[in-house]
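A, B, C and D are the chain letters, set down in written order, and residue numbers restart from 1 in every chain.
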Amino acid sequence: MPGNSFGHTFRLTTFGESHGPALGGVIDGCPAGIDINLEFVQKELSRRRPGQSKIVTQRKEDDEVEFLSGIFEGKTTGAPIGFTILNKDQKSKDYDHLKDVFRPSHGDYTYQAKYGHRDYRGGGRYSARETVSRVVGGAIAKLLIAKEKIKIYGYVTQVGNIKLDKCHMDMDLSTIDDTPIRCPDKEIAEKMIARIEEVRKAGDTIGGVVTGIITGMPVGLGEPVFDKLNADLAKAMMSIPAAKGFDCGWGFEGLGMLGSEFNDEFYNDKGNIRTKTNYSGGVQAGISNGEDIYFQVVFKPVSTIMKKQMTVNSKGEEVEVAGKGRHDPCVLPRAVPIVEAMAALVIADHLLRNQV
Amino acid sequence: MPGNSFGHTFRLTTFGESHGPALGGVIDGCPAGIDINLEFVQKELSRRRPGQSKIVTQRKEDDEVEFLSGIFEGKTTGAPIGFTILNKDQKSKDYDHLKDVFRPSHGDYTYQAKYGHRDYRGGGRYSARETVSRVVGGAIAKLLIAKEKIKIYGYVTQVGNIKLDKCHMDMDLSTIDDTPIRCPDKEIAEKMIARIEEVRKAGDTIGGVVTGIITGMPVGLGEPVFDKLNADLAKAMMSIPAAKGFDCGWGFEGLGMLGSEFNDEFYNDKGNIRTKTNYSGGVQAGISNGEDIYFQVVFKPVSTIMKKQMTVNSKGEEVEVAGKGRHDPCVLPRAVPIVEAMAALVIADHLLRNQV
Amino acid sequence: MPGNSFGHTFRLTTFGESHGPALGGVIDGCPAGIDINLEFVQKELSRRRPGQSKIVTQRKEDDEVEFLSGIFEGKTTGAPIGFTILNKDQKSKDYDHLKDVFRPSHGDYTYQAKYGHRDYRGGGRYSARETVSRVVGGAIAKLLIAKEKIKIYGYVTQVGNIKLDKCHMDMDLSTIDDTPIRCPDKEIAEKMIARIEEVRKAGDTIGGVVTGIITGMPVGLGEPVFDKLNADLAKAMMSIPAAKGFDCGWGFEGLGMLGSEFNDEFYNDKGNIRTKTNYSGGVQAGISNGEDIYFQVVFKPVSTIMKKQMTVNSKGEEVEVAGKGRHDPCVLPRAVPIVEAMAALVIADHLLRNQV
Amino acid sequence: MPGNSFGHTFRLTTFGESHGPALGGVIDGCPAGIDINLEFVQKELSRRRPGQSKIVTQRKEDDEVEFLSGIFEGKTTGAPIGFTILNKDQKSKDYDHLKDVFRPSHGDYTYQAKYGHRDYRGGGRYSARETVSRVVGGAIAKLLIAKEKIKIYGYVTQVGNIKLDKCHMDMDLSTIDDTPIRCPDKEIAEKMIARIEEVRKAGDTIGGVVTGIITGMPVGLGEPVFDKLNADLAKAMMSIPAAKGFDCGWGFEGLGMLGSEFNDEFYNDKGNIRTKTNYSGGVQAGISNGEDIYFQVVFKPVSTIMKKQMTVNSKGEEVEVAGKGRHDPCVLPRAVPIVEAMAALVIADHLLRNQV
């Protein structure tokens, strides 16, 4: 049953496999009259690209998006926006050795069991390459919500046990892209990079946390009781490949707090109702209260490692498997634009839903 | 825009306010021929009831569900199952003092801002009382998935900083309801209860973690790329009032691990493909792999406390507010059946989706 | 799979069987702040009631709707509106003779084949009694769209071969309910009634046409390319029990016309763009153009007749079947409020969709 | 709000404008393992192509579909099937004269009013060219349902007042494409063609009826109460550009019949429950009963005519407008594959829904 659409009013439907002719999607529900800055969209796509630095995978993906519809004379028309990203380099033969092997913690086994017939080349549909379509959809969503002064930031706050312990308000978020790890604190960034290098040399991989920030939020986004804003953010983030955990506001870290500490008291800020603290993370009873939204997404280590592992093949025989070529020691910097894209999709959807 | 439905093929739509005539819902998509054990459904509802022990709220809710359709001669007919739970005790006047006050960390302010007109009595639609309908829906879902030998368990693993550190396989999950805190380890349970008592006497509240376990999983549930099984679980859990965080498999706790440690190697278990470890939490690439699913849900402390807090009213004036009567120091034991219900709804939905 | 919901933004979900405890539904997505005139809703329900005159079925259904949520101090709150209509008179035994017989052109056979287990009493879920919930949903929709000055009328334009050939603009639509057949032309109405009487005495039934009119339409309702306004009206009408055909604008009757005759030329009516003719029926390219919408719905004769018919039972044996007691010779006058309700649901849904 | 998707379990989402770079779509929910005969899909597309004979428009559209995903080694994988059809010949300048003119009975005015900004070239999104994507989706649907021996036929039964009055069972439906008008009765076909020629020479256009036939139907497709099979067929057909009316079974033509004549008596046909007559058109209470489904779709005359018409422009000024170049006197033969495609989409969707 279909699972390749996200959103109700601003809806992205995606398609495409790692080694097929192209990936792409359809953005349906984008209002007419939005200026589409194609350079911005392309830049977002480039932020996701592998091969940007030593610490990420070296596969070259000079992805270029082509818009096929829904934009006329630089503006959206309200018609669905179709787009494609060609796969420039599809060498199927490279993957023949994976045809019958179920790599540990990949989708090889579950896809084979569910579908019977699958495109095994490079992970096919379950390759993280599918996220290019998310980034394009998210870029359009960002342009839409920018009209309401809503901005979205993602950055890396943890690599293994190396953790950034600063509030987003105490950092300059415009510098996120300045370090290859996308951490706005340069000192911590260096430690993170050093750790990743260490892991990479060992042929291993490491996970961590991406933090998302949404500023400029209007009051009232989110639909009770099931489509709460934080619930939809949770789904959005947990749908990203390798995501394992999510919290919004003070979640796992607030576990020791009492109600009297956790509650956010309201005050009157020159006519605006604000909260003194923001443990709620900008969402109360599922609806935005105008404060900044912040959330964390845990990513597991990339499953493809250079070390040998035992597994089974499709005949049930035990076999040994190991990654080939260069590998991606840490998905986090590339996950940043994807986290941002998914957040933008959620906010765009709820912005439109709230107009009804 | 509508947000009161959950699920695609097995879909629950709920309605009702804390102090209206009744709450209820419609379960649409339940296949015909499922035996409905009414006692079981009623018992599930009773597990959610307040007033079961000192450590939970004393408001009496002897909730009784009445089924209005969709069941004939003890079996489902495939027609939608309508049901209601009457609010037996609706004293509107008790809540007049809350008409214009925005209690800290409640939905008073966000609902007022979003809707302009709201039923403020006891929280109205944003009262946790709405979860009675989820529990009824979840009970029907449990009966459906029981046919496939799938079972769902919830229990409390953390209260404040008191934490249960045992794997679910090392405990007897049939004893969950034996302690009022619903923790299957009696020693830890006692510590948790003592802590809650302490907090209750101080007029304060405390949060923690509910762990969910799904056993007997078939391989293949979950729909890529957005409707991954773990993504839908995340949304389900984060839609529960007071939920702040979620992880599935080894999430926040696995942050220090490397890929070579985290990956679950496959082996052949007498013809069944199994994993030696289960850091993935039973889901790989969004699809169940047949191993047990386990996940954690973080709940913040209940917002209603007996201590005085500052806030503002609808005129923007600063006012003092404090809880009245008896309060609920810890939502966790009552959250257990709700977590189970939401998990059952997700699994029922994906079980049916996987048949297509 | 669920099929008991209608609409995307203004969504009605219904439940209930002919002889179960109650029917009802949930209206989700109704904006906050709509004044709910309960008398109006009840009056709409009464218009649907059988037993209003000789020419309709005599089963007494003094239906009363009870609203359970979503309305506070006379206004909607934006929360889902749950409602029930009790079945006051449920004599199951009356229907034992139908347990195993598949009545011609009823749903007995298809439901039995599809579901295996069904509530056979009085047709259960496939009884036209389910339409009470549509009428309640439609009444709320009417109140919503009335704020935009949109009005909906239904009336009978054909009974068998007796046909009313007047444009709706040449009649006084406020007189529709003045005749028991709900035809605003008294002369034709008398002929229709006489024909129905004739048919009734013969123990037979007769069908015909209900015409729907929507006035006060804004420009812009309808969503291309699949959710065209006329496409959604078609689905709405064809979902009514016994509906067999639909056209919108000049459909079946315009079959001899050429493009030069059929095209509606635009003109400038004091600043408003209007069409000189309205063969399009108020919809062009699936979107309302501001002109009145008119459409026709064909209803077949009621399937329950007093005459003996041959059929088979669940064992495949040939058996004779005939209606018992009083029967309903013509569904048309009772279909009028249902047609209006469904049209109101479509317009309410698209009104809200167009705000996005 | 999105309106460019059709279907719930087998879902087609389309995009594309008449003069943009490409049209296309995504088919989501197609099960894995279906053999995709690319020649068949291409042939279906060619059946829709203009320029096949004198009686249809001469615009050359040698449409070629390119599949981008979801098919691997000739079979579907269960992943979404993305596809594009390039617009080979996009001369924007040809349409500058239509930039500000609202052609009678086209979507120029309603789109401009709804969206403010539109691609006016050749009708943009409201050009009938969007139906190429429907035909591709329908072709895949046909391949899916062919596994269940379900077949779909469309043919022209009326052009203006020239009508074919034969039951589909008395004709050889394999000869439909033998005449350019796609009417399986050669004598009537000739009359139709002569009439269209006459109309064409006068610079005018003419409408008529396409009949759809579905054979090999299993019992049980259709979901009560709103998603009845005939209701979904109605929506599907009425969403086709220029469709004005629909009936299923004996609709408009059965208006004089009594219940005793209209009811379809059941009989036992060697163990199969069948009906002696089939006035119901294969659907009872919204669910297929195994008999052939037949339905009619009324199409209005094409709006673009060579004759001069009065209209207004975007400034509200009265202007004269007339078609240029060659025109399409009758959409019916090209509508046949579109009617078939939409029927296939409905049946595929309900086939999958019925598996749940």
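The rule is simple: a residue touches a chain if its C-beta (ideal position, glycine included) is under 8 Å from a C-beta of that chain, and two chains touch if they have at least 3 such contacts.
This one's a predicted model, so the numbers in the text were calculated from it and none came from an experiment.
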Counting C-beta pairs in contact, which chain pair has more, C-D or A-D? C-D
Approximate Å spacing (C-alpha centroids) for the pair chain A, chain D: 39
What whole-number Å value describes the gap between the mean CA coordinates of chain A and chain C? 46
Using the average of all C-alpha atoms in each chain as its centre, how far is it in Å between chain C and chain D? 26
Would you please write down the residue numbers of chain C that are in contact with two or more other chains? 1-5, 8-9, 14, 29, 79, 114, 125, 224, 352-353, 356
Looking only at which chains touch which, which shape fits best: line, ring, star, complete or other? complete
Which bits of chain B are touching chain A when the two form their complex? 1-6, 8-9, 14, 102, 104-107, 109-111, 113-114, 125-126, 130, 158, 160-161, 199, 202, 204-209, 219-220, 222-228, 230-239, 241, 243-252, 254-260, 262-268, 271, 273, 275, 279-281, 284-289, 298, 300-305, 307, 309-312, 316-318, 353-354, 356
Chain C residues touching chain A - in the complex, by the definition given at the top: 9, 29, 31, 79, 224, 352-353, 355-356
Residue set of chain B touching chain C in the complex reads 1-5, 8-9, 11, 13-17, 20-26, 28-29, 32-33, 66-70, 72-73, 75-82, 84, 114-119, 124-125, 352
